[in-house]
Amino acid sequence: MAETLSLHPDRLFSSDPIQRDIAGRLYAKIKDLPIVSPHGHTDPSWFADNENFSNATELLVQPDHYLLRMLFSFGIPLQALGFKNRDLTKGDTGIPVETDPKVIWRTFASHYYLFQGTPTNIWLDYVFVNVFGMKEVLCAENADTYYETITAALQTPSFKPQALFERFNIEVIATTEGALDDLRHHKKIKQSDWNGRVITAFRPDNVTDPEFEGFEENLIKLAEVTNINIDTFAGYLASLQNRRYYFKEMGATSTDHGHATARTLDLSDDEKEALYQTIRSTNFSAEDADRFRAQMLTEMAAMSIEDGLVMQIHPGVYRNHNQSLFEQFGRDKGADIPVATEYVNNLRPLLNKYGSHPKFKVIVFTLDETNYTRELAPLAGHYPALKLGPAWWFHDSPEGMRRYRQQVTETAGFYNTVGFNDDTRAFLSIPARHDVARRMDCAFLAELVSDHRLSEKQAEKIAYDLTYSLAKDAYDL
Amino acid sequence: MAETLSLHPDRLFSSDPIQRDIAGRLYAKIKDLPIVSPHGHTDPSWFADNENFSNATELLVQPDHYLLRMLFSFGIPLQALGFKNRDLTKGDTGIPVETDPKVIWRTFASHYYLFQGTPTNIWLDYVFVNVFGMKEVLCAENADTYYETITAALQTPSFKPQALFERFNIEVIATTEGALDDLRHHKKIKQSDWNGRVITAFRPDNVTDPEFEGFEENLIKLAEVTNINIDTFAGYLASLQNRRYYFKEMGATSTDHGHATARTLDLSDDEKEALYQTIRSTNFSAEDADRFRAQMLTEMAAMSIEDGLVMQIHPGVYRNHNQSLFEQFGRDKGADIPVATEYVNNLRPLLNKYGSHPKFKVIVFTLDETNYTRELAPLAGHYPALKLGPAWWFHDSPEGMRRYRQQVTETAGFYNTVGFNDDTRAFLSIPARHDVARRMDCAFLAELVSDHRLSEKQAEKIAYDLTYSLAKDAYDL
Amino acid sequence: MAETLSLHPDRLFSSDPIQRDIAGRLYAKIKDLPIVSPHGHTDPSWFADNENFSNATELLVQPDHYLLRMLFSFGIPLQALGFKNRDLTKGDTGIPVETDPKVIWRTFASHYYLFQGTPTNIWLDYVFVNVFGMKEVLCAENADTYYETITAALQTPSFKPQALFERFNIEVIATTEGALDDLRHHKKIKQSDWNGRVITAFRPDNVTDPEFEGFEENLIKLAEVTNINIDTFAGYLASLQNRRYYFKEMGATSTDHGHATARTLDLSDDEKEALYQTIRSTNFSAEDADRFRAQMLTEMAAMSIEDGLVMQIHPGVYRNHNQSLFEQFGRDKGADIPVATEYVNNLRPLLNKYGSHPKFKVIVFTLDETNYTRELAPLAGHYPALKLGPAWWFHDSPEGMRRYRQQVTETAGFYNTVGFNDDTRAFLSIPARHDVARRMDCAFLAELVSDHRLSEKQAEKIAYDLTYSLAKDAYDL
């Protein structure tokens, strides 16, 4: 028989009664604050078109790379989760592609126990209880009931994207779009009667990373879209600035850069022009490409000072580590793996140039936790422009968030951090993720209060800032 | 006066009453499960010959590199612990070699306080109380009593290896033998009336690592033993496959590979043959040797798919760091030091080739804890073939195990891990080590239950799996 | 209104009543032990001249790089804290230099909330309460009262350096001086009637690091001061040995070496002479300089065996990361950033040569916490000469100290560590820093007692040793 499912009001707080009570009091004061989501990957067309979501599987299973990776790690092929091989000439294993969403849901349900102890379990249970009113832990036996209940609910008006946005108490949410995106959905939202604030963020990797798929064609489109000649580096920069202004018009307050490393450079004008021409010749080395990306971070910083967009750097991932999976199924299927990342030498050119500039803001993230105490907290605790992004991706979890606060706070304080990012395309999980962050921050503060490192009054103010003000300030929202 | 020695029933559980009680309940359900020991270094001749052990010093002090290293670090020369310099022409310090085991025991006893706070203390106190019924903390004053009590007990029938094996409730234990071992002890055990399950594991470093002492002669023996011509790479591989089948016949279910790094390669057939010939010429560079080791991991993976032996990789140790100690006293004297280890790039060739193969299983270990969250949990949470070995060597300790679960679980879950390995040649400490692992797992689960991340019922099932099923499944036992 | 300020007697102890009570009992037994401060940066002239300190700002704000860095990170220019640009031709921002110490204090006070959760907050609150009797948390509103109260107190006899030294119950304090220092203040203290023990430590980086500012002139001075011809490497070494003996005469028991890495070398005599001549030619590469530093660590070790000075190595910092800040304001303004550091390969030449020598002692520190379990605890747990320095600089904080004990103890034990270093030039904060260390050690021991890894009697002895004996022994005090 399935276990009863419920959300304990004290979940994620210490079982020590002193800490638990302090955490509970802190949490009570901030739990109902609106959600500020300055960085994420929801689809703006949801909010623009406001169509009902289709079914449980398409909404909750297939777009969530946390789910895909864990299921795949237990030998469930992506075909069994409804994904079609894109190239049957290579590595076709003859595995049939499952097309019935209910069957896929059953596969997921019968493996739900694999997620015990992971944040996925916490997020989904929150969604199951709070959004869909489920009362049993998901398992093979109740898979169909679950599927039908959720899918039926999704057909109703109160489960349309805009209704959920309001129900979730979202004050503002940022999506992320490539530099060439026409932002038609954001435009539509802006022109509509709906008052929800959905903004974009400028993600130019596809036109700044020479090794990005289709880079050369992307540059041609960039020139077309902006109607700027990009034969020179200056022209290329002008066209990027042009796009940034367009994104800003559509509400963007930030840019985002996802390079393999945090390398930056500060070349002379001649060097930059020569490097750009090498890159444009398409006859460039891996080191050329790397230097170009490095220089482009510094150029983007210069533009941030000009146009006021806050810069975000998300480095340190080996994308698409599983080559044949990538060839068959493409990106974002759960095969991205963090790598050791270096910041002190790599960021120095950029920070020496702009790190003390009063108009510059750069938010740096890491998947290599060894940098929290060694590099990032010390850097953030010195450079005025640099703030530390929250525990990211694999680390936006109870233990990950705890380590983040324990390792960052003593050197950088609370006020060199920027609040929480949900960074997700799993729309329904957004309140769950913010709830975990709020609880873990309160639990951390409760420990500092319980051993007299902070007064409870100080902790109250900090909890409010971590939940609300810091994100608003850091991202100029 | 010596302190009273006793083992508290709640040891290693949180002092928080809520967590302590949950941990106690979980532990009560699994504490008596049989010991599954899929990876270790006990001597198979003990079980084959079933002779009494000699004395306290020879059994408990001299083979334990944890003891040797700590005593050495306080200036006690190995000679004082009974070790003879093997080459008196080099670095002979004129220190006399102690030959009286009782005197050596006294030296150990009077320095036993050095181990406070280390797992050695926990393991040995467990042995002293549970195996020998001691009632005082070991110190200089009671050293002789200790020595005599233990040595006397060891002469009795109930302290013979087979009797202890049964008393320890060991369901199966794996030893580790080099590729050229004739496995006579395992054969003898198999052919005997005794029903204890003692299996071997295939450790081929001495014939796959060109820099292993005696590598070239080892290859000649390999050819002789298998009666296979190894002039070509194909012949060499065939002879290794031959040995693997022999080990499998003698009960092996796994192989083990202890390289300095986790590097793997996937060369073409021509490249492999050429590299092999270079290695055989004995005129090879360090890089050649490294590439050969890297390629051999991939070859071993291919053979695992063929013969079903589970692969284990234990990388990242600088062996014999203290050169003169090595020259005088040889390997395994406590001078092996972990080094920073990289997995994401290094394992990619192997994982891209076989990481998604349904018949392949590889268990990866680390001594570089920075990889838990950054590299290993993400890799294990994606590749079907890859499971994560438990906290290893310097880390099979309360704090080490806690960090392992805290850092691995959120990304890889519980079910991409493989239960506990005692990995020891200290036979008497095996129950103590498993007990520490069981207690720490229960303590970790109790924290998750206490803050409502798991229900107690879920935790019970997981505790059982961590203690018993995962090791049985992962190692095909 | 300002919050009430008080120091809770149980601060930094766990809120769990069992652990808190054990910690309290342990702490009660060691809290009044005299302060042994074997490594730090106080100014010996304070104790030699025994003049009153000037005012709150000059004593508490301006010399403290923890304060400067955090304030700078929130956009407060150093000019606003009273620092004059040294070169107005470069990067002069026209920011006026504040000269009124009270105005600077106000700036600090109104940003004091930034330090919440950092050790600075703990140290300063301790000083405010215990040294100056303040009763409110520092903030903008009470800034002037604070300034006036502190500044007035500083004018009185009981706040003179020698009086504070006695009031702080300091048994011995070591300062740090460059190799060319004439140690006049130490001489004066020695010759005075005052009995306070203020000793020096030999810091030769300015004459052993070819990339140190003014290296070549420093060598010329070295030759002059020692009256030794340094044209050969042997002469250079003799002059260094000469300085070491002078420092030893003035009370030094240790040397200190602050290189960018932990690299050591063991070159032949010819190689050393050739390298020295290259360095003296001033026409050397970065690699030459690095090799010279590496060799000099080994030479210093040899001299330590000769003269008995304990060696300290503090590697792994990128000094003066912010180039323009350095050009304008010089060293030690809060822009030093830790970098990843390697010990196993780097220290091997030195450790292989002297690591087992009975007369050698070397204390190694790190700012890269990943080395605690991976490299440093294993090395300290093997080599007799090597002991582990305490949690250092960015890590001499509650969480930093906790991680240190949790990660070091299981492999190296307590007795391969050396007690606490305050390592500060902030004289008033010394008792606060030692108090934090004592409390965190007691809290850590209390956890081990509470889960039955140690008896309370064992913990009492260890607490005493961590607080007092280990530092005395390790530094031969």
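Quick notes
By letter and in written order, the chains are A, B and C; residue numbering begins at 1 in each of them.
Convention: contacts are C-beta pairs under 8 Å (C-beta built on N, C-alpha and C of every residue); 3 or more make two chains touch, one makes a residue touch a chain.
Listed by chain with UniProt protein names: A, B, C = Uronate isomerase.
Because the structure is a prediction, the values reported are computed rather than measured.
Residues touching across the subunit A (Uronate isomerase)-subunit B (Uronate isomerase) interface largely differ between the two copies, under half of the numbers being common to both.
Summary of the copy comparison: rotating subunit B (Uronate isomerase) onto subunit C (Uronate isomerase) for the best CA superposition needs 120 degrees, to the nearest 5. Separation between the centroids of subunit A (Uronate isomerase) and subunit B (Uronate isomerase), computed from CA atoms only, is 40 Å. Residues of subunit B (Uronate isomerase) in contact with at least two other chains: 16, 370.
Residues 3, 7-8, 10-16, 69-70, 72-75, 113-119, 121-122, 137, 318, 321-325, 334-340, 367-370, 394-395, 397-400 of subunit C (Uronate isomerase) touch subunit A (Uronate isomerase) in their complex. Note for the complex: subunit B (Uronate isomerase) touches subunit A (Uronate isomerase) at residues 16, 18-19, 342, 344-345, 348, 351-352, 355-356, 358, 370, 373-375, 377-384, 386, 406-407, 409-416, 447-448, 450-455, 457-458, 462.
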